[in-house]
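The data blocks that follow each hold one structure.
Each of the next two complexes has subunit A plus one more chain, namely subunit B in the first and subunit C in the second.
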Partner chain A sequence: MKSELYYKSKKITLNILIHLFLISVAITCLYPLLWMISSSFKTQDIIFSDISLIPRHFHFENYINAWREGGFGRNFLNSIIYTASVVFGIVIISSLAAYAFARLRFPGRNLLFIMFMAAMMIPIPGSFVALYVLLNKLHLRNTPIGYILCMINVGLSTSIFLLKTFFDKLPKELEDAARIDGCSKLGIWWHVALPLAKPVLAVVVVFNALSVWNEYILALIIFDSRKFMPLQVALKTFQGEFVTNYPLLMAGLTITALPIILVYLFMQKYIVNGVTSGSGIRMKKLFNV
Partner chain B sequence: MRFKSTLENYIFVLPAVLIFSVFYIYPFIQIFHLSFFDWDGIIPFKDAIPLGWGNFKEILFQDPSWWQAMRNAGYITLIALTFQNILAFLLAWACDREIRMKNFYRVIFFIPPVLSEIVVGMSWRFIINDIDGANIINRMLAGIGFPNLMHNWLSDPNTALTTVALVHCWKGFGWGFLIFLAGLQTIPRELYEAARVDGASAWDSFRKITIPLMIPVIVLVAILTILGTMQAFALIIGLVGGEFAGHTSVPVLRILASMRGSSRFGYACAQGITFGMVLVVISFIQYRFSKKAKE
Partner chain C sequence: MRKVAWCLVLGILLAGCGQGNQETDKSTITIWHWMTDREPAFQELAKRYVAKTGIKVNFELYAPSDAYAQKVHAAAQGATLPDVYGILGEKRDFASFVKAGHVLNLTPYMNDLLGSWKNRFFAKALAVNEFPDGNIYKVVPGIYGVPIDIMTIEMLYNKDLFKKLGLDPNRPPATFKEFIEIGKLLKAKNMQGLVSGWSEVWMIDCLANNYAFNIMGEDKVLATIRGEVPYTDPDWITVLGLFKEMRESGVLANGTVTMVNKTAEQLFATNKAVFAFNGSWCVNVYKGMNPVLNYAVMLPPKASDKHPMSIWEGAGSSFMVNARSKNKEEAVKFLKWLTDGEQQVYLAEVTSNLPANKDCLEKISPILAQFADDMELATHPNIWGVSEFPLVTETLDRGIQSIVIGEKTPEQVAADVQKVKEREQAKKRS
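Let's turn to the complex of A and B:
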């Protein structure tokens, strides 16, 4: 009896220790974010003296100022537009290609596929230098379309890989039935393959959206004009522009971080599955999320 | 008919191949081409001065700031490899059991990884910067009775790099945590049960069951950490407040500085290639390891 009690109390102590450990790390994770959000409601004079997490007075006008005078409204819109168009482009272009690599026959198919996969493996850290030169030549630098095309390319090979792996495993019966009914190849892709691929498409959408929303380096070298910049780059210029107005900066950071946190909380299942499956490991390497 | 059908098939891959050729293959070739020239990116390229291997020789033998940046990246990587991954492993081990709030922890630990490096860098800068006398960490140290530990964490060359590395770990450990946790959950519970019946202590089964079975996952996380950390740079821009990070510079920031600071496009490309070679070697080692792990 005594030994059972001993084991039980030992187990409880271990559990308490484990929870203390986990909770302290969880607090360390959340604290900087809560601090950022709480500071975004304070004023410049008290932001460094009042270190409480819940401000005494909520100054919502910081957000209005950041949105209007700080110009973050415009940049927020840019980020939304870039993320939406890049993700849309990647979904269409990569699913077309992945479907062809999995199902259709044409000379050079394997060679092309290997090329895409090699691109996924070989890191080129200086690529932004060459992209800058290229976009200048094409007169696409400092234009949204130039940035969107570059970003579509960034997510392309991983998305093709994910979708091809999925199409490979898909039974062909449904497509055969559609073909007998007289459906064209494009029709089968659109009406049969894409709807079936929804779970993978969700992963493709979420990871590419995270990657575009958080992208920094290409936006930095491509855009000169503040009016075209996405949030990440605008934040940096904002810090340089004014004698740093911290509450506005914190409001800007919150505006930038909050959408991604919300997307994460809603799409958690896909993200966790994406990370822990084998393909997520590739995603870490490529998207560097 | 047959020919038309093949042509139709090419339409499927055409958009992907077009974008890929223009925005991946062409720049890829261009980097190698540019790296043999002295070119400021402004004058027409035909007036650029060919240097042969000059840029590469300069990187290897005459650019101490480049090697400083490599050492910095190596140092941050070393801390990420040890501190970040051990923390991630311990957290995963702690979560790999029947405990309450498991899902809560899992959700929270992966919040830093989904944030952008800029957001993380700038909000941490706000917490530990020393320019505006805001330094929350210092205030806390003073508050709990250690005012002599107060410090200019980011501007003192002795602590700046470690500070950067620790913020990097804060942002990154969630990845390792999720991958480790998934790995731990594949270990059959019966193994632990059998070990306990045989009288093995928790430490014994951790050492003799958990660690050996987790080796492939550990190697994988280690390689991913190396590749990811060596290339990290935006976090540093956010933290130190500029592209030219001085004593916390890393290779990618040196490439950026060569391009935007000193307008040496050819040199920037040569730096990119040199650094890319290092990364390719690491990737190759990963490929060998993962192949071995599969067998």
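Let's turn to the complex of A and C:
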């Protein structure tokens, strides 16, 4: 018979091992972030000669220079407009489409859904030239609306898939009750389906926001005018072919990362719900995160 | 919630109100480029040009270079290329742009006034932008690009570390034997030798070709590419054997074979490695990493006296004029002005790149001038007129990596490369 001490020490050892593992994972995740912040206060030569995380002298002017030289003001506003518009567009269109796929019976429904799913398999760079030529013909190239439409299209298929999976599992009785109360199909979508889909919508919002916020290649290809470019393009001004201005790049990255960290913090509760309700697991597979 | 939704809809509509400026303005020359580090200098030169001529020059930066290359390809498809742009990639990409009518043949402009424009450039820099008679791409012979700056790839050594090793800092090793001897000193003092970005295999290819030219001469190297000399030839075994000697002598720094160039640059700049094999762009890189770095340029030490040592040189960056542009005459005038001595010296001073204009070497920094000193020894695969199968080049470069880590012998690598060469030749014939 094993003593109580044995079980206690076994539990403590196991706890120590688990915590050590978790701490090492946390350090691995946090270290690059801390290095970024630390380097944003150093000078170019100090970054390469002093690897300590706490700089001896703090060069706060790096932030001012990054903001000014990168032309962050206009680009920052652009990124906010693009992210908000694209995410709004994706949420509305994908939830309507997903609800239709889940609840309405119409000819070619499965084929249409498969086509949407197939679109997920096409990597964005593969469609750059085609998109460019199409937008050019529609006179939408070098216009924000052209970029927003492209980005909505990019995020649509995955979001439809996530929401359809959720709506498939939604009890039909809820909708029947709403119908008895006089709700139209659109009314049921707005008053019943959407509020219930909040956890999945949070996942859709966060991951699409992240995707739009970090996107720059499509923007670079579609836009000619600097005034339309998003924030990420401004960051590239610090990264040359051979020479990178690390202090300004790191200051710029810190500025860029802040809004998206705030979005995560504000929506953390919903993301956890989304993950625990199952959609997150599928979402993780889809977004490969 | 409803108010927020309406605000967002309004946002989309307002965002969509912005109109693209796709119309070409006759008094504005639009130039697309990817050179982040040269952007402030270009903007300054644009200001000077508008003050001098009244013609506005609009430099538009699209970085990084891979995204820029995609944009240029897409714009070519959509016939929306700007007045002036650069083509990144291999010569065959350049040729496809020329054949599609996107690039203006600059030969008449270059030859104008007894070739005054043409003669100001380093011949090799111009050759990269030229398609000679009977070129394999079947492009109408001519000069299709204007080199703005150039680059050479050479060896560098740290003068302070040379002193620590008891060597004369003004006398770098001239022969391969002397170079290998330094390996013993490095081992004794536990110091790191040669660093280079050899995980990016093209740099290995570059050094291997330097020694191939030195040991067997250009004709034999090109004959090998044409398939007339096998890679199992004793001269090629000698070239591959040099890498084995470097490994055994300890003259290579630890991990060079898997090193990215950024790491190699950092090690050299922070006085942790005695030698580096790098391009002239490194002057700017080292200046940023360690402004007081005490170093000098040297030729790769000669392994043979039969033929001269060669180095790779390329057009660091070149601009092409859009043949369909309404502003092409103005664009050519601007490029002529940009490659004038004054502007070239300014670019070299601000960006630490080697100017393409050979007449302004006296006015550039001494370290940059050292890179330019060996220009007569320069060569580049783009001007050889023949090109090796990519798979053969890859097998050679990977093979050299195997030699450096002691996995394979030079003979084994030579046999592997020859096997791939024969397979590719057979494929081509069929």
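As a convention for this text, the second predicted complex is superposed on the first by the 191 of 289 C-alpha atoms of A that agree within 3 Å, B and C clash if a C-alpha of one lies under 4 Å from a C-alpha of the other, contacts with A are read in each partner's own complex, and residues count from 1 in each chain.
Keep in mind that, in the parts below, a contact is a pair of C-beta atoms (placed from the backbone, for glycine too) under 8 Å apart; a residue touches a chain by one contact, two chains touch by 3 or more.
Model, not experiment: these values are computed from the prediction.
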Which partner does A:W190 reach: the first (subunit B), the second (subunit C), both, or neither? neither
Once the structures are superposed on A, label A:V25 by its partner contacts, choosing first (subunit B), second (subunit C), both or neither. first
Using the touch definition from the top, say if A:P125 reaches subunit B (first), subunit C (second), both or neither. both
If we overlay the two complexes on their shared chain A, which of subunit B and subunit C does A:L156 touch? Say first, second, both or neither. first
Would you sort A:P107 into first (subunit B), second (subunit C), both or neither based on which partner it touches? first
Could you look at A:L253 and tell me whether it touches subunit B, subunit C, both or neither (first, second, both, neither)? first
On the A-aligned overlay, A:I217 touches which partner chain: subunit B = first, subunit C = second, or both, or neither? both
Would you mind checking which one, subunit B or subunit C, touches more residues on subunit A? B
On subunit A, which stretch or stretches are contacted by subunit B in one complex as well as by subunit C in the other? 48, 125, 128-129, 132-133, 216-217, 221, 236, 239
Subunit A touches which residues of subunit B in the complex? 6, 8-13, 15-17, 19-20, 22-24, 26-28, 30-31, 34, 41, 87, 90-91, 94-95, 97, 99-101, 104-120, 122-124, 126-127, 132-134, 136, 139, 170, 174-175, 178-179, 181-182, 220, 224, 227-228, 231-234, 237-238, 241, 251-252, 255-256, 259-260, 265, 268-269, 271-273, 275-276, 279-280, 283, 287
What residues on subunit A touch subunit B, complex-wise? 15, 18-19, 21-22, 25-26, 28-30, 32-33, 35-36, 39, 47-48, 51, 92-94, 96-97, 99-101, 104-107, 112, 115-116, 119, 121-134, 149-150, 152-153, 156-157, 160, 185-186, 189, 210, 213-214, 216-217, 221, 232, 235-236, 239, 244, 246, 249-250, 253, 256-257, 260-261, 264-265, 268, 271-272, 275-276, 280-281, 284-285, 288-289
Tell me, which parts of subunit C touch subunit A in their complex? 5, 8-9, 11-12, 14-16, 18-22, 34-37, 39, 60-65, 67-68, 70-71, 73-75, 77-78, 80, 266, 269-270, 279, 281-282, 284-285, 288-291
Residue numbers of subunit A touching subunit C in their complex, please. 44-45, 48-49, 81-82, 84-85, 88-89, 125, 128-129, 132-133, 136, 139, 141-145, 148, 216-217, 220-221, 223-228, 236-243, 245
